[in-house]
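Here the structure comes first, spelled out in structure tokens, and everything after it is commentary.
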């Protein structure tokens, strides 16, 4: 298929390469041009604008935040203005439920197809085509995009007909990750103060009932204090936590654990550690315990 | 080996049978006598007192709470009074860190051997010899008890030289379980109010990053609202939460997530639901969301 | 002085009357025209637009929320477009710190004077000229407005040179009110379950160390369960809580108590009680206690 | 009246002097003898034991904690063993609801009279006879003790027939104090980071809606960072918080604010600041804000 890829950060770049390896033709666009050259060397075509990248069978957006998505979608050279008839906009970055609803309206009003398909997984999984994908939108549209999703992920979950439902579940998954970090951080602090090394606790937990990737990956980061360079930094996680709380607020759902995470992220920003990996919030439980 | 088993509830009874299947000779004691008969039919010998059960190579205690442990250990017909030279007291029920420390003192003062080896797993795992065991105490004593532990569990973790350290880690594991229930409860409430069925969320989570037994077992209970009959009830979990908070308090470790769990358990007791499975605390997040 | 009053709800209407009683000439504007007539009968002049109301010495805005403030300020017939040279915009409603900063920029860019002077007190206090006023902005401008402030309030506090600082302190005061309600609610629930009537606790607290208006006014509402008709409803308080949390987030300040309030307000909205007085959140602590 | 006073710390000593000034005859007992001499110089009689101090019309206990109360009450030379017929035990220190219930049972079984009358106020108020007293027990007994209470306090509140109800309300009052400190701490942190000095916020709050002694006294300590020497230290406040949570647990009442206070006190102990005035927990909100 002919795919436009907008956003060439670590995730978007890896996804573009996975698509090309699977035989798709990929045209790429990025706000800062320097990342385009590398992809062109790998076989991609440079698109002059978001609109130009939307001239094929699908255009994927994988950018930093809500504002960046909106910048790519709107305006005279944006996706909506330039989308070819038959092209589908597949929004894959983490964004707010509210924005996903707004994009749905915009594309629908323009008679265009829109899917929201956020992913679980970091850049190495994107490179290996091993992401988990959560798809929201019309079932037949999702089915038609199967070749694209197969190239990117190990598993596709169809969430619901409303595109934003996929974003809600993606935010739930991130909330699971963040709160697992807090769980583990409290446990490590308690065990360490009781004389049991975090490494030993890590082994006991991850080799018994707590053996999920979320436990192993983030538990490892915390035990090793491996926060620099970050896989994803505190700013990003704090932003996602804000999106979770906003979604919960508009649905009138109290989330006590999420409120604690919010405070952990704010305290971490206040201490000037916001550029580190978000697992660094484990320092808060440790500090509060006097470690 | 000759093993005394004190406490024949669902866990202790299953463990006694696992020991016999592995070829050990088991004498049993229980405060209410009715449970003894069934074990005797299965091949056990009835012991007349805790002291009598401590007349072999090891005596295991698997009783309901701190008070029950103390009742078995002290007094004229208690374990300490009657323990054969060479016998080891292996305390396997969930108890407070403080009591484990006190038992260590008592046995040490009496020149007796003591191990604390709490377990992870419910009765079916005990029946199948598939428990996870966490052992605290002298390394050589633990090693000498291997035949017993092999009959009971799929895996033994050696935690540390101080017996109570195993109890601390067991409490940490329970805290992980309870807080995972709260995590999932908040996520299910949010997703359901956003129009996504808990069943769908359960599948996405447990088949991606959140695939540990703790996610699958407790997520399933919550999605199915399968709280009656209870695997373990709210009273028991509330008691464990109290033990966690006490241990944390004596070590000066704040645990914000544990405080939220405490309130969830209290609110559940206040609503008269304390006899249900402790996963019923998921109703609190649902109610707060107006579901 | 010649004063324009924009926003004639219970607060704005009472303030307009207080100003007239003190001898000021008041022109009034309100989005829904029905409230204008009553004020005109009381001696005010009707203004045709926000711009027209800004044709005197000062124009006061006292409207429901950020969006309403912006609607009055911007546009071809808004305050900025029509403000007479020498007129000062005095924003007195509760609004976000961010909007106060934006208004400061807008007015400064237009060469216009702007003060932010939010108030503490409900409509009867406004009617009696007994509000507390917190003023942010240039000290000389604040001084020049003294005759206006004297007509409205019993006390003026000068907060700082940046107008939004007054809004921050106003939000802090609201946070103090909301969290006092939660304090009292938890205490009443605990005492009542222990057999001591809330009325008795109320007397002991308010006649000893806890004798502030905030204790007496809100404690009375809770004890009497007097939530309907509302002095101010849950929607309004939830909105203010959101503004507090937003201000705290942009300054990277964790506020654990505010997070609990957020959840109380959300749970109250989820139960369909959002039209009641915001002191109704006291029901949450009572319900959680099984009362 | 003939009064025994047991416990001659800053509070008990001041109370003994207030009683003597009002014309009562006071015999005194203290575990460490050094404090007795000063009171004898002031006109008191030394009692040889708690029993000896219970040989008049009333014996008051004002000691550090539950264990100290029990030590004074039980044993061969304790109050119960030596109490004169007609003497009333008036327990005035802060203690657990559970202990108050136990003392009620013990005295009732011995055919003795018992009142629980905890106080609000620090040593200077005790010296001046300006305490607030909360009385639990039989109404006629309380009435008969009026001359004693009049000498000690500015106001007596009769709480209920069960002595422990007075202790519950006393714990509620302490919870109000601690949570007011947290409220103020969060507000000061937020305001300060927004550029408004705590002193200014203190003035605005305490001269408007938040003018209770609890606001003024503790707000002042926080603004001045006057934590050393302590009025009462963190250990004491942490102990009281534990008593509140225990009382709430046995009544099945969730107290989210109290849980946050618990964590604040634990974090403060973990940082080695437990000997300072308990208002030092204000540092936690400040630190979390990066101040």
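Order of writing sets the labels: A, B, C and D. Residues in every chain begin at 1.
Basically, a residue touches a chain if its C-beta (ideal position, glycine included) is under 8 Å from a C-beta of that chain, and two chains touch if they have at least 3 such contacts.
All of these numbers come straight from a predicted model, not from anything done at the bench.
Fewest steps needed to get from subunit A to subunit C, stepping only to touching chains, is 1.
Centroid distances built from C-alpha atoms place A farthest away from subunit D. Because subunit B and subunit C carry the same sequence, their contact can be compared by residue number, and over half of the numbers here are used by both. Subunit C and subunit D have Cα centroids separated by 38 Å. Chain centres here are Cα averages; for subunit A and subunit D they lie 54 Å apart. In subunit A, 248, 252-256, 260, 263, 266-267, 269-270, 288-290 are the positions where the chain touches two or more neighbouring chains simultaneously. Interface residues of subunit D, counted against subunit A in their complex, comprise 263, 266-267, 269-272, 288-290. Those residues of subunit B whose C-beta lies close enough to touch subunit A in the complex are 97, 120, 132, 134, 155, 157, 159-160, 162, 165, 168-169, 172-173, 175-177, 179-180, 182-183, 186-187, 189-191, 193-196, 200-201, 203-205, 207-215, 217, 244, 247-248, 251-258, 260, 285, 288-290. Looking at the complex, you find that subunit A touches subunit C at residues 242, 248-249, 252-256, 259-260, 262-264, 266-267, 269-270.
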